[in-house]
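Shared between the two complexes below is subunit A, which has subunit B as its partner in the first and subunit C in the second.
Moving on to the complex of A and B:
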């Protein structure tokens, strides 16, 4: 199946917040979008330029690029419903 | 018309109130140390307060209208990482409320910079984890007691030592049963090191107690405690440390027993050997003296060799007896006041002839004055002459030097030779029993390998010490120090030196 969902997750090094965000978002994506998503994880410490270009103020920030419209959420990614709603995504099936 | 005017007036009043409340709101927003961000319903930034520039460490004008992101906060607040270009990342505590802003739904976001707090928390956590890990692997038992004597914490090792734990207050510390090993007295509740730390502020270091553990077994522990003081100096608790030394004690007892068995054995055997040996020697001497009849030169030679070896055997037996006595602590010194200068000079002159005969030179460096020591004359003389004999035996050219120095608190005596020396690796073993190495013995009598260890034992019994220095091929130096005698302290000076 082709990739239909493209996302970027900005994190800061390996802080507990970064690790929790990555774990949470993977859990959500693997349940509802398995095989059809691409998640790029960007560390603002290693890629400050990318972060500045994307006007990142704080992390974890999750940006959905595809499908349009572009949407972004910031904060903890614990609540599946809120995350999906915030990204304007509808869970498949 | 009137209604219209009324309405207009009311609007003005409302507007005034609104303006006032807005001013209040504005000043809160302007002067808040927290970053305040207002976004629209989709997370686009509409407003940021001045503090935000400090929190994010950059100019933020260009961020207005840009996407901050829809703030997701599960619960009251959430921690986020703050991206600060050119600076280490920070940590923020993000609060979000939904509010009306310019007649639209908006998110009012506050971000408090908690970087410093987090750093302190992390450091505390790290040092706490370190402490916990240390406590966990420490083989000693650790107890933390509060001001009332309640046991707040006991490490795994502590519970293992006591075979369990009872969380009791200070009056019930008697639940922990133990007896002092020195007096055999029961340790009362208020006599435990921990209780004394709490009640009297005392510090106890390693008090030996035999305890009865909760499973009924007995152990020997070292009990230590220190009071924990609060910032006002009052006692807020105590830390107690228990070390289980049961095994060590047992091993020490065992070693003491073994040493005694060995010494008894050696002295018994030596005594038993002496009698037949002296009868044999007597018999050979009689034959050599031709009492039972004439013997020829050949026979005489054979018997002479036998006689010499019997002498050597009795020397070995005597030295074995000496060393076993020293080790068993049974040697009694017959001390008297001796002028060391006379003693050493006398001993040296005794060897003048044999040194010259071997083509060596005797050097004597002894001050022309009385240097008193309180010693067992016979023993010191015997073993000092042994040192000189040794030096002669192992030296083929050069000289033997005997010197005496008076120091502040002790007398230093040196026997130096220019002989074959002792290899570096053998030097530390030179005073060990049965060590004969490096110095290949010459044509003289073979030693027993006990002489130096007896010498060391005798000198140490006097409160002195002996050491050897050597360079292979260049010579050896034996240096011994004895405590100096002074009229005021006499015996005392020796005792003190011994303790030191």
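Moving on to the complex of A and C:
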């Protein structure tokens, strides 16, 4: 199946907060979007330039690049409903 | 022991903005943060931009712009109006942006478990890229309103200011002040991260808005108190600092007299006006006040003293034309650097600006004689009598320190047709209120006697010296004032 959802997750190093956000988003994606998403994890400490280009101010920030429109959600991404709604992701099935 | 006051004192860095450094007594605290607060359109952003621009061009200090308010693109476009080419600064690695204006697309929050470390990292990245010594943050309030977790914002701000302090980077930041705000800042942190606070405001004048600023606090450093007026023109900011009044040594001298070159009048004054004195020449329209002033300056130039004419009553060209008709070529004198003319728009005169103009004109040619034509125009064109008093007080302190002798013309109403024995009843309240500033008063009057109008002159007051108490008649003739006989009823 082709990749339909392109996402980036901005984190700060390996802090518990970053780890939690990564774990939470993976859980959502692996349940509802398995095989049709790509997620790139970017550490702002190693890549401040990417953070500048994407105008990131807070971590964790999840950005949905595709499909448009671009949307961002910040926080620990624990609330599944909020993440789906905020990113306008339509769960399959 | 003798260094006690200096020890631990905060070092300052020049902003390079005309007038502001004097007003802030040497600039802003080096390696510290200064907050500029004010309402919309007061000119906060212009101050930030000029701080960066002057840093890069005058002091070879590179800068970082953290933009929460507007986008980088808009800012680059805006400063082109001042002739500043930010794009080339960026290409030369003299300027870097942290572009944090409003984003396209939606941003949601899922919980409040986040931090603002990317902002700090981006800032550090930009600082390193250009090796910045200056950093500005435009729109702190924007940062607060964008995040629900105010603690995260506060924490980030504390961390940023601490890091910048360590790096020795000097910071200016702005925050919008709402009309309803009581305190200095809205989120209760800005004052703690800022070592200095400058508030700016727009005040409605008669015809236009006037810009004012005042330093609210500067931790550990001095600044001039009081309201400072400033302008924004096509070159950026122009601040009119008040003149410090301390350490003024009076250079007044009763023995040195400045003559008018008008025979008879000089005798009445005991040779002329004492050096460093401010003398009011008061009279109705047509009594020749401006003429007395011109002759006073002309005589000064003959005596090798440069002069300044402050033309508020009529356009400079008109003054010159009148003078030429009497054989005085002010145009030539101006070209030879003997005289400077000062003028300003006659509505909403900014006293601070006028003061600055007069003093620059005096300093430029080391003038020793000044004519202000007239105080009455100042009074009618300024917002308050108190401001005019302040202006004259400052002017007089400065003139006395420099030994500059000054004539102030004043339109006096109701001095026409005075009856017998009432010659002096016409001194108006304005002149009375100015009397503490004036060292002398020369009064010009009209009287109607025997179907004729006579012009009369008397010296009403001459502080600390003898003068004639008589009343003399005079005429305005081609070539100047001609004193006549003693007037007797």
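In this text, the second predicted complex is superposed on the first by the 93 of 93 C-alpha atoms of A that agree within 3 Å, B and C clash if a C-alpha of one lies under 4 Å from a C-alpha of the other, contacts with A are read in each partner's own complex, and residues count from 1 in each chain.
In this section, contacts are C-beta pairs under 8 Å (C-beta built on N, C-alpha and C of every residue); 3 or more make two chains touch, one makes a residue touch a chain.
Note that this is a predicted model, so its numbers are computed, not measured.
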- Query: Do subunit B and subunit C fit side by side on subunit A after the overlay, or clash?
  - Reply: clash
- Message: With both complexes superposed on chain A, which partner does A:45 reach: first (subunit B), second (subunit C), both or neither?
- Response: both
- Which partner does A:56 reach: the first (subunit B), the second (subunit C), both, or neither? both
- Only subunit C stretch among 134-142, 206-214, 314-322 or 440-448 with CA clashes against subunit B is 134-142
- Once the complexes are superposed, what residues of subunit A are shared between the subunit B interface and the subunit C interface? 10, 12, 17, 44-45, 48, 51-52, 55-61, 70-79, 82-83, 86
- Message: If we count contacts the way the header does, which residues on subunit C are in touch with subunit A in the complex?
- Response: 98-100, 103-119, 121-122, 124-126, 143, 146-147, 152
- Query: So in the complex, which bits of subunit B are touching subunit A?
  - Reply: 42-43, 56, 62-63, 66-74, 78-83, 85, 89, 91-92, 94, 96, 111
- Which bits of subunit A are touching subunit C when the two form their complex? 10, 12, 17, 20, 44-45, 48-49, 51-52, 55-61, 69-79, 82-83, 85-87
- Note on the structure: In their shared complex, subunit B is touched by residues of subunit A numbered 10-13, 15, 17-18, 44-45, 48, 51-52, 55-63, 70-79, 82-83, 86
